[in-house]
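Following are the structures in question.
Okay, so chain A shows up in both of these, paired with chain B first and chain C after.
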Partner chain A sequence: MSAVLGATTRANLKPTIPIWIVTILAVVVAFAVSTPFRTGTNASSLLLGMAPLLLVAAGQGIVILTGGIDLSVGSVVSLATVITASSLGDGSGTLNVALVVVAGVVIGTANGVGVAAGINPLVMTLATMGIVKGGALLIMDSPGGTVPASLLEGLTWSFGSVPLTFLISLGVVVVAWLLTSETRFGHTLYAVGHSGIGARRAALRTNRTLIVAYALSGLLASLGGLVLVGRVFSGDPLIGDAFSLDSITAVLLGGIAVVGGRGALLGIIPGVLLLALVDNLLNLAGVFSYYQYITKGMILIVALALYNAAGGELKIGGVRLLPGRGSKPDAGAPA
Partner chain B sequence: MSAPTVTPPAENPEATTPAAPTRLQALGRHRSLGVSYGLALLFVIALGLTTKNGFSPERILNIVGQDAQLGMAVIGQAVVMLSGGLDLSIGPVMNLASIVSAVIMDGSNGNIPLAVAVTIAAGGAVGVVNGLLVAKLRIAPLLATLAVGTILQGIYYVWTEGQPKGNVAPGFRAIADDRILGFLPVSIVVWVALWSLVAFVLYRTTWGKGLYATGANPRAAWLSGIATSRKVIGAYVIAGMCAAIAGMQLTAYSGAASVNAADSYTLTTVAAAVIGGVAFAGGIGGLAGPFAGVLVLVFLDTILETLGVPSATQYIAQGLILIIMMLVSRRLNRGARGRDDA
Partner chain C sequence: MTSTFHRTFRRLLLALTALAAVAVVAGCGGSSVSSSKSDAAPEGKSGPFTIGYDVYWLGNSWSVQLYQEFKASAERNKGDISKVVYTQSDNQVQKQISNVQSMISRKVDAIIMTPISPSATVPVIKQAKAAGIPVILLSAEADTDEYTSLVTVDQKKFGAAGAQWLADKLGGKGNIYALNGIAGVSTDSLRFDGAKEVFKKYPGIKIVADAHASWDEAQAKRAVSNMLSSHPEVDGVWSQGGAMTLGAIQAFQAARKDLVPMVGENNNGLMKEWVELKDQGFDSVGVTNPTWLADDALKTTIKALKGEPFEKDNVLTPPTITNDDLQEFVRTDLPDSFWVNTRLSDAQVDALFSK
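Here is the complex of A and B:
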C-alpha cells in the first residue's frame, strides 16, 4: 500500500475514515433489522439509485477541492436527460450521447472560465444554472420523450442484482480519486483549494486547473443525467434539481472540507451510500416521502457540525482522523 | 493600481477601515450604483418601447406593485450578504409564511393582526436558527441555510401533504388590490416602508456600522470589540422577517397559500442583490442598489412576456445578466479592497 500511494494521498484518506465506519455500521444494522432490505431487488434498486449521484458528486468533489462550488450540476443533469430522450440522428442514440458529453463539457468550461476570471463560483454557477435550466425547458417543457432502445438496453444492463451503470460509476469515482491525488493536475488542484494566491505565486497554472476542474464537473454531471435515464426511462427538464444539494451533501459527508484543499474523493462512495441508504430505508418503512427533505437537511447540518466541532483534529487511538484546519475565526464568508 | 493584469498583493487587508469607507470604496459604491440604476433606466425605456402606451406611469406602477414581494425579500438577502453570508432559505420561508398566515387567518378579517404577528415571528425564528448555525456552529452560510431551507420544505410538505391549506381573509387581499389615491399600490408602500426601516437600522445605528465592519473583515471587527456573532444572527433574523412579509404579500396577491409558489425567490433575491452591487465578500454595497436590481429583474420579465418568448427564456436572460453584472461589479470593486480572491 505505502509503496503504491503517495504519503499525501494516504494522509488525505484519513478524514474519510469516520464516514466509512458510520456507513458500514448503518448497512450492517439495516441488514440485521429490515427483512425487505435483504432482498436482491432492493439491493439492485439501491445501487441503481446510487449511480447518478456517484458521478455528479465526483465532479462536485473535484470543484469543492478547489475551494469552489458548482450549483449548476442539477440543471446539467436535467439537460442531459432531456437530450438523451429527444429524438435525434438515426435513432441509435450515438448522437444523443455525443451531445450529452459536449453539453456537459461546454457548460463546465464556461463555469471554469468565469471562475478563473474572478467571478464568485456561487454566482457564476447560479447564473449558468438558470441558463441551462432555461435551455432544458426550451428543448422539452414537460417530462416525456423516448429514449433510443439500444441506448436504454445498455443503461439498464445488470449483472445479477448489480447494475452495470453502478459499476461504471464506482470505477469513475476511483479514477477521479487517483487523478486528483496521484497526478500533477491533482497536486495543483489541492494547492489552488488550499490557497489560491499561494498557488498563483508559486507559478502554478491555477486558471487552467480551475477550468479543467469545472469542465470535469460539467462532464460528470451530464454523464450522471445519462445514467439517470436508465432509471426513469424518459427526459425531465426539472428532475435534476435535487442533485445540486445532494451532491454537495455527499461530498461534505465524505470528509472533503468546504473551504477546499482537504479530503479525498474516495470518501464520496460512503457519503453517497449513506444518503441512498437513508432514502431507501425510509421508503421501505413506508414513511411519507416528504420526510426525506427533513432527514437530508438534518444529516447535512449534523455532519458539518460534527466535522467543525472536531475542529483542528479528531483522534481515535492516537491516529489523527482529521487533518488540522487552521484557525478560521471568520463568522461568515461563503466558500 | 497601474498594472491591472497583476493581482494586487494582499498586504494588510485590515488597513482599509470598513466603518469609515475610503474614498476609493465610496467611489466604487457610487459607480456600481450608477451601473445598476443605469441598467434599470435602460429596461424602463425598453419596457416602454415594447408596447403602445408603454410609458404610462400607471402601467409601470402596476408592474412594480405586482412584484413587490421580490423587493421585500431582497432587503433581507442584501443585509445577510453585507454581513458576509448568504441566505438560501428565503424561498422556503416565504412558502412557510404563506401557509402559516393563511391557516391562522382562516378566512376571517379579524384574525389578520394575529396572522401577521405570528408569521413574522416564525420568519424571525428561522432566522435565529440560521444565524446560530452560521455564527456559533461555524457552518458555511451557503450550506447552513440550504439545509434549513430543505428542512422547512420537508416540514410544510408533511404538514400540508403538498396541498394548498388555509383560507386567505378577503380584507388581506387589500395589500395587493388596493390603490392609495387611486394609483399607488399598497404593496409598494409596504415595500418602501420596510426598506426605510431596515435602511435606518443599517445606516443610522451603531448596530448597522458593526454589521458592515463584520462583513468586511470579521476578524478585525471582532478584535475591535464588535459582538460579531450578534450582528450575524441579527442579519439572518432580518432576512427571515423580510421573507415572511414577502411571503404574505405573495399570498395576498395570489389569494391562496401554496407550498411552492415562492421556490424561485431564493435565487432571484441573490440575483437582484448582485445586480444591485452587493458583493459576496461582505461589507460592500447597500440597500439602494438592490432596489434597482429588483426593478431590472421585474422589467426584464415583463419585457420578455410582452415579446411573447417562451417563459424558459427568462431563466436564460436572468443568468446572462447576472454574469455580466458580476464582471462589471468585479471591475468596479477592484482595488476597493486588498483581498482579491473572494
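Here is the complex of A and C:
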C-alpha cells in the first residue's frame, strides 16, 4: 500500500478486501462460464444499470458515515428525472441540468439543517421523501416528457460497451472516497459518526459537517437521477423509489458500519457491482426475481456477519468473546 | 490467545468468502450455459422458437391471471415453442429494462412484454429491434412505433365506456365520485382522461369527490366512507377498477346509504355481489380488460416469427358485461380473485382457483 494514503485510510480499506475478492471472482467466473454474460449488450446493460446507484450510494455512504440515514434519495432521483425530461429554457438542456443540481443541493441542505437542529435523520428524511415525491408528481403525473436531444446524446455516450456515465460515476465515488478519508472535512465526518458528543466537545464544526454531508447526498442523488435518464430516456415520478433501500444495501455491503464512523466509501464500488451481478446473473440464468430479493437479503446478512467477524466484535449474549480492533468502550449511537 | 482466535477468524473469513463466490457463480453460470440457445431465427423461419416473456407484475389478481393465460397459451402452442424464458419485473421499469436486455443477450427469438412505462421502455424496444428480435407489446403501449405488434385494449376507451354507461344511467345529471388507481401510472391517467372526456359532454354531471385508491378494495372503502360524510349527495360512482367498486359498495352499506349505480370491472367478486344486490336495485357495468390478451399476443408472436400476416396494432374496444349477460359470466363457485371472460380451460381454472 502506498504511503500516499494516511494510516486511517488504509485501516478503513482493509475490511473491504473480501468483498472485492468475492466480486472480482464472481465477474471472472461468470465471464468464463456464461455465454450471454459476455455479450456487449449485457455488459452495457450491467454498467449502465450500475451508474445511478453508484452515485446515489456514494451520497448515502457519506450520510451513513455520520451515523445518519437518507431515505429521501429515492424521491430525489425521481424528481431529477422529471426535471430532466421537462421542456425548459432554450431546449439545450443546460437549464435542466442546473435545476437538477440546485434541487438536489437544496433538498439535501434542508435535510442537513433539520438533522443538525436535532431532528432524527430517519424522521427528517422520511418527511422530505414525502414532500419531494409529491413535488415530482405535481411536475409530471405520469411517466413521459422529452429529454433535450443534446443532453440525451451526452448521457448515452459510450466507449464500445462502456457508457461514459458509468466511468464518471466511478470517478465520483473515488473522489468522494478521497474527500471523506483524506481531508479535514472527512476527519470531522468520521468523528461525528464515531461519537457526535465527542466531536462537539472537541470543538469540531459538527453542524456544518452534517449539513454538507446531507447536501452532498442530495446532490449525488439528483445526479444519479440525471444519469438514470440515460437509461430510460424520459421522466418518471416514481422511478427512484427503489433507490432508497438499494443504496443503503450497497453501502452496508461495502462495509460501512450502519452506526457510522467506520468503513470506506471505496467499498461501495464492489457493493454496487455485487448487487448488479446478482440481478444480472440470476436473470441470465432465468431465475424468477423473487429469488433475487431472497439472494440479496442473504448476501447482506452473510456479508455483515463476516464484517463483524473481521472487526473482531464477536459477541454472544452480550459477552464479548473477542476484543477486536474496531471496538470501543461505549459504542453508543451518535446524537 | 487472542491473536490465535484472530487468525482463525481471518482464515474462516477467507474460506467462506471463496466458498460463497464459487457457489454463487457456479449456480448461476451453470444453468445459463444450458439455456443459452443461439440459433437466432429471423422472421419467416420455421420453429420451434424460444420466446422471452417478461411478467410485468404479479402484485394483483389481474396480473397473475394474465400470466396464467400466457402459460396456458404457451401450453396450447407448444408445437411451435421450444422454450419460454420468463423474467419478472415486479412493476419496476428499471428491472424491466434489465430483464429485456438479458433476453436480448440470450438471443431469444421474440420478446413479449407489458411496458411498465410507455416512455422508459422505448430504448430497450429499439435495442431489441436492432438485434433483430421482434417485440410484441401486451396490454400496454409504448411511445414508439418500432415494436412488431401491439395487443391491448384502449385504456382511454376503458375509462370512457364506464363513464358513458354512468352518464346514460343518470340521464346526464347528478353528483358522482371518481375512484382512480395509482398516481403516476399511465393506465390510471389514460382511463381518467377517457372518462373526463365523456363527462365534459354532460354539464349536469359533477365529480364532487375523487381519490386514488390504488385499485384496492380496502383503500377504496376508506376513501368512499370519507366522501360519504363530506359529500353525502351522490348519484353515482365512476371507478376505474372492480376491486374499488367492491370497496365503494361496502362503504355505502356501512353508512346505511342506498346503493347508486357504480361502474365496475369483470372481477368475479363484483359479479357475485352484483347478482346478489340486483334485486335491491343495484346496477353496474363490467368493463373488461381481458386477460386473454396474453393468448392473442402469443399467437401474434408466432405468426410474426413464421412470416404469416398479422395486424401490427391490435387495439380492442373493451368489451362490457351488463345486467343482461351478467348470468353468463358470473362464477358463484369461484373466489373473488377470479376474472371472468377467460380462455383458461375449466380444468385450469379449477386448478388455479378452486378453494
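FYI, the second predicted complex is superposed on the first by the 301 of 335 C-alpha atoms of A that agree within 3 Å, B and C clash if a C-alpha of one lies under 4 Å from a C-alpha of the other, contacts with A are read in each partner's own complex, and residues count from 1 in each chain.
Basically, a contact is a pair of C-beta atoms (placed from the backbone, for glycine too) under 8 Å apart; a residue touches a chain by one contact, two chains touch by 3 or more.
Small disclaimer: the values here were computed from a predicted structure and weren't measured.
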Is A:Met124 touching anything from chain B or chain C once the two structures are fitted on A? First, second, both or neither.
first
After lining up the shared chain so the two structures overlap, which partner does A:Gly196 touch, if you call chain B first and chain C second: first, second, both or neither?
first
So in the superposed three-chain picture, is A:Leu137 touching just chain B, just chain C, both, or none of them (first/second/both/neither)?
both
In the overlay, answer first, second, both or neither for which of chain B and chain C A:Tyr290 touches.
both
Partner chain in contact with A:Ile248 - chain B first, chain C second, else both or neither
first
With both complexes superposed on chain A, which partner does A:Ile69 reach: first (chain B), second (chain C), both or neither?
first
A:Trp157 in the overlay: touching chain B, chain C, both, or neither? Say first, second, both or neither.
neither
Across the two complexes, find the residues of chain A that touch chain B and also touch chain C.
137, 141, 288, 290, 309
What residues on chain A touch chain B, complex-wise?
69, 114, 117-120, 122-124, 126-131, 133-138, 141, 196-197, 200, 245, 248, 252, 258-259, 288, 290-298, 300-301, 304-305, 308-309, 328-335
What residues on chain C touch chain A, complex-wise?
2, 5-6, 9-10, 12-14, 16-18, 20-22, 24-33, 35-36, 38, 85-90, 92-95, 97-99, 101-102, 104-107, 117-120, 122-123, 127, 131, 143, 183-186, 188-189
Chain A residues touching chain C in their complex are 18, 21-22, 25-26, 29-30, 32-37, 39, 41-42, 45, 49, 85, 137, 141-145, 228, 231-239, 242, 278-290, 299, 302, 306, 309-310, 312, 314, 321-323
Which positions of chain B touch chain A when the two form their complex?
7, 10, 83-86, 133-135, 137-144, 146-151, 153-155, 157-158, 161-162, 214-215, 218-219, 222, 228-229, 232, 267, 270-271, 274, 280-282, 310-320, 322-323, 326-327, 330, 340-342
